[in-house]
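First the structure, then my questions, so here it is.
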Amino acid sequence: MIANLELVIDICLLAFLIMIVFASIKITDLFAVTMLFGIFSFVSALLFLDLDAVDVAFTEAAVGAGFTTVLMLSALRLTTRFENVKHRHSLLGLPIVILTGAALLYGVADFPNMGDANAPIHHHLAPDFIRLTQQKIDIPNIVTAVLASFRGYDTFGETVVIFSAGAAVLMLLGMGHVERKQEPEKNLILWVVVKPMIALILIFGLYVQFHGDFGAGGGFQAGVIFASGFILYSLVFGETYARKVIPATILPRLSALGVLIYGVTGLMSLISNKPFLDYNALSSNPVGGQHLGILLVEAGVGLAVFSTILLIYYSFSGREVIHYE
Amino acid sequence: MNLMTHLPVLIVVVPLLSAALCVLFNNRKSAWLITLLASFFCFYASINLIQIVQEVDVIIYSVGGWEAPLGIELRIDALNALMLLVLSGSAVLVSIYALKSVEKEIPVQNQVLFYTALLLVKAGLIGICVTGDAFNIFVFLEISSISTYALISLGHDRRALHASYQYLIMGTIGATFILIGIGFMYVMTGTLNIQDLSQRLPVVADTSAIRAAFAFLTIGVGIKAAMLPLHQWLPNAYAYSPSVVSTFLAATATKVAIYVLIRFQLSLFGIEFSLLQMPFNKILMILGTIGILGGSVSAIYQSNVKRMLAYSSVAQIGYILLAIGLASEPGFTAALLHIFNHALMKGTLFMALGLIAFRFASTELSVMSGIGKTMPLTMAAFLIGGLSLIGVPGTAGFISKWYLVTALLDASLWPLALVILIASVLTLIYIGRVIEVAYFQPAPEGITQQKVPKSMLVALWIFALSNIYFGLYSDISLGISSLAVNQLMGVTP
Amino acid sequence: MNEILGHFNYGIVILLMMMGLYIVIASSNLIKKLIGISVFQVSVFILYITFGKITGGNPPIIVDNVDVYSNPLPHVLILTAIVVGVATTSVGLALIVRIREAYGSTDEDDINDIDKNDNFYLKNRSTT
Amino acid sequence: MIIIGWLSDVCLLLGGFLVLTGAVGLLRLPDFFTRLHAASVTETLGAVLLIIGIMLDTGLMLDTAKLILLICVMFIANPTITHGLCRAAAHGGIKPAMETKSPMQNSTPSDSKNIYENQIQTETGVSGKAPK
């Protein structure tokens, strides 16, 4: 019964996705397309939830529907809003697209059925992950265990990716100048409502950070949520004030610090001649070592993500609009 | 704590953490110093790793203490070791060279970030080479790519921005294709470890999913490697980026992509499947041949020397693909040798151009008239690099071309050997154009002897002399290459 | 019927990927291209997550009295891939902003025209 | 206990009905403001009723506390967001369609859209071309 319901929801959501993308092909107003993309991300987050990927759903909702949309709107402010329809190469795209689609369809034909418990991927590594997480790491969230311990090296790479994105955006746009920027006008309702909301958002961010071992969440999601609290503050009270709370100049350093926390946690195990990122070396009790390692590593990820996301937002919002005739 | 056992991971982690340190200190001089030290460390590590590999064949390092298919394993054999040597060697020279070049070309506020990004690119490329996990390749590919986009966009011409954007679009599509390919393999086997995959793939090799995975991986990597129909991003990206960046990218970036191609084709799918069962060897040979000719001919028509060399890179990648397409032992040896030697010659040529850009702020052919007299040392190095590119005996380029031609004749493909010969003549033409302008045209009025920083000249000349050294004493490069080929052919079932 | 339902997700996801790729290639607006790439990437994410699903399975968070968990590994991979995706998008957007400031347009065709003019100008200058 | 079950059912049904009306309103109503009105009803009351229904159905546990918090957030955030949107729309120059025409006299939503687009062009002089 529940499985059938899952399938029905799955089909409905996929139909939504198709409609949204079809609409965004048609529409030339980039503002609308951006909003549609936000909805697309959000619906796909729901789909992830339906497919049991709670952590992924959380991340996609925070990043895809939240941050990316904000970023695209900031970029639209600095560029043009409408697409030039005359410059469309509809025919050029079709052969490549059809070829790719055909190749994908050809490949997918031999796949095991969706949800088939006998498929090879459910038998080779997954049972080991589930078993070893219970035995050696002893935290409920298997995704966090795999993310931070089994494949901690990937996650280290991921942290560096976000750090390098921050460096790249900073190189391209700089930190921005707030002095000449027009501040948002006073709006009493927003002011009153947003203050408690920001407190709630920050508390929620901390909850997600430290509850990642037990439920969905972790450093990455927490970083995005924490940053979104500050972004909200900056949107409502003006960037001058926001930059007084957290100056843009310390953000790159915080981001680097996050990467360093992760890396140094990994290097600690080298002292007792264990491999990089072997948390067992962190404490006399291997399970305790794993807990400590995951906590430290998640803190590093959270710090790096929070500061990078906020930095990227500052870079975009602090840039002046140039008008062309 | 025994440092030696941890070298495989330290060679990646040290530059990554140094990048973070650069930002933390936020000081130009110390950023350069950190970059230099990290590069020297990597060079030291790679030489040690080569020595170890020659003794024990394969180094395996399980990150996090989790054994291979569960955790991520770093796996270094002779092929990786060769790539590490190319990468870290060029990184050292580029770091020495960077000090003055960056001061001149990059705005002050971006210099620290420039070194950071340079370190990240290097760490990403090294990370791709040492890892033994298919998904990990994707992660490190993105680390290096994102920093590369930013670095290219720092060129002083506005076209650098557009080139960088085009590269971003193409590169992201390529990376996503790789992701699709990895996913297809994963769904059929349930593992991501390359060694584990290579054992589990033969069972399911005869399914459409694996064939599609093969196609997507090849196209994805092909975009990154600038395989001929997918090369559009490369000329602009190389031509408009800052000199340091174009030198480093030309010497390393596409080679790493080709390394990934070899790794996927040979270690993962096996020669049987990838080169013979799929008629991929023929496709590679055709693409390679078109690449050699197309790249060389396009190079002749360029008025910007940097762009000319970028097209020449497309042609050189054609040589490597052609050699891989032979699917024979001499072919692979030639391919690996050419990866190594091409890094030497392109490094020399782009570095020399960087020096010219340092003085004249342009690399158009027209500014180079009479430069042989005003910048004799730079031009002499350029000449050595050019001769090596043509394949004159006594230079590194000759060795790899020689091996390629013998490999072709072994397979009795003499028309293709003829193509190589024609391409050498084409190379002679476009390098000859530069030489003619530089040595046989008078310098414009008022331009006298040009001074260039010593550190840049030293780096350039080390590169140039290594062309001659590895042309005369090819034991080292040849030894590692043939060891790598033996391992590759032996490992594959 | 079972076969069709079992591959339904894959089919739709492939359609989504094709549409995303179509936006990238057909549109000449830089921002829209980037949105197309994001759509393409998210579709690949859905593909991965579909692999990991077990019918009747539970989210991979250990709870008492539950035995069947969906496969956690694709979730981990996609978490990483989402981060990579947002990193690329932000760098791409920053590039677009700079391109618009330098060229005055966010339309690829316009920019190509301007580039051609630049090249022409450079060549002429070099011959004179 | 049975009463709680009934209550839960009633809440769920009522919530579902409100969400449905909201959706219909979003499609059928003539201009931005009325549509927003329909949407905000859906969000605030419909969703909250649904959550209450779920809460009654599952019984008392830790998740109940989270759901209560969620209701609080929705009650605060949703009206504010609606307010913000309306304000932005009024600022951007969208006029309610009701002022000039009755909704029954073939006023199409595209009217308001056109007003909006013209407004943007004249106000900021954006160089992009508005679709015709």
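For reference, chains read A, B, C and D in written order, and residue numbers begin at 1 within each chain.
To be clear about the criterion, a residue touches a chain if its C-beta (ideal position, glycine included) is under 8 Å from a C-beta of that chain, and two chains touch if they have at least 3 such contacts.
Computed from a predicted structure; not experimentally measured.
Colleague: When all chain pairs are ranked by how many C-beta pairs they have in contact, which pair ranks first?
Modeller: Looking across every pairing, the one with the most contacts is A-C.
Colleague: In terms of CA centres, which chain lies closest to the overall middle?
Modeller: That would be C.
Colleague: List the centre-to-centre spacing of subunit B and subunit D in whole Å, with centres computed as mean CA coordinates.
Modeller: 55
Colleague: Rounded to the nearest whole Å, what is the centre-to-centre distance of subunit A and subunit D, using the mean of the C-alpha atoms as each centre?
Modeller: Roughly 27 Å, centre to centre.
Colleague: Using CA atom averages as chain centres, what separation in Å is found between subunit A and subunit C?
Modeller: Taking the average C-alpha coordinate of subunit A and of subunit C, the gap between them is 14 Å.
Colleague: Could you say which residues in subunit B touch two or more other chains, in rising order?
Modeller: Counting only residues that touch two or more other chains, subunit B contributes 135, 139, 142, 146, 149-150, 153, 180, 186-187.
Colleague: Residues of subunit D that touch two or more other chains: which are they?
Modeller: If we look for residues of subunit D contacting two or more partner chains, we find none.
Colleague: Residues of subunit A touching 2+ other chains?
Modeller: In subunit A, 80, 83-84, 104, 108-109, 111-112, 119, 121-122, 125-126, 129, 151, 154, 157-158, 161, 164-165, 168, 172, 324 touch at least two other chains.
Colleague: Show me, using the given definition of touch, all chain pairs that touch one another.
Modeller: Once each pair is checked, the touching ones are A-B, A-C, A-D, B-C.
Colleague: What part of subunit D is in contact with subunit A in the complex they form?
Modeller: By the definition above, subunit D touches subunit A via 73, 76-77, 80, 83-84, 87, 120, 124-131.
Colleague: Could you please specify the touching residues of subunit B with respect to subunit C in the complex?
Modeller: Listed in rising order, the residues of subunit B that touch subunit C are 135, 138-139, 142, 145-146, 149-150, 153, 158-159, 161-162, 164-165, 168-169, 172-173, 175-176, 179-180, 183, 186-187, 192, 303-304, 364-366.
Colleague: Applying the document's contact rule, which stretches of subunit A touch subunit C when the two form their complex?
Modeller: 2-3, 6-7, 10-11, 14-15, 17-18, 21-22, 24-25, 30, 33-34, 37, 40-41, 44, 47-48, 51-56, 59-60, 63-64, 67-68, 71-72, 74-76, 78-80, 83-84, 87-90, 92-94, 96-98, 100-101, 104-105, 108-109, 111-117, 119, 121-122, 125-126, 129-130, 133-134, 140-143, 146-147, 151, 154-155, 157-158, 161-162, 164-165, 168-169, 172-173, 214-216, 220, 305, 312, 315-316, 319, 322, 324
Colleague: Please give the residue numbers of subunit B that touch subunit A in the complex, ascending.
Modeller: Those residues of subunit B that touch subunit A are 1-2, 5-6, 9-10, 13, 16-17, 19-24, 26, 61-66, 69-72, 109-110, 113-114, 116-117, 120, 123, 127, 133, 135-136, 139-140, 142-143, 146-147, 149-150, 153-154, 180, 184, 186-191, 200, 204, 207-209, 211-213, 215-216.
Colleague: For a test of understanding, state which residues of subunit A touch subunit B in their complex under the given definition.
Modeller: Per the stated touch rule, the residues are 103-104, 106-112, 119-126, 128-129, 132, 149-154, 156-158, 160-161, 163-165, 167-168, 170-172, 174, 252-253, 255-257, 259-260, 263-264, 266-267, 269-280.
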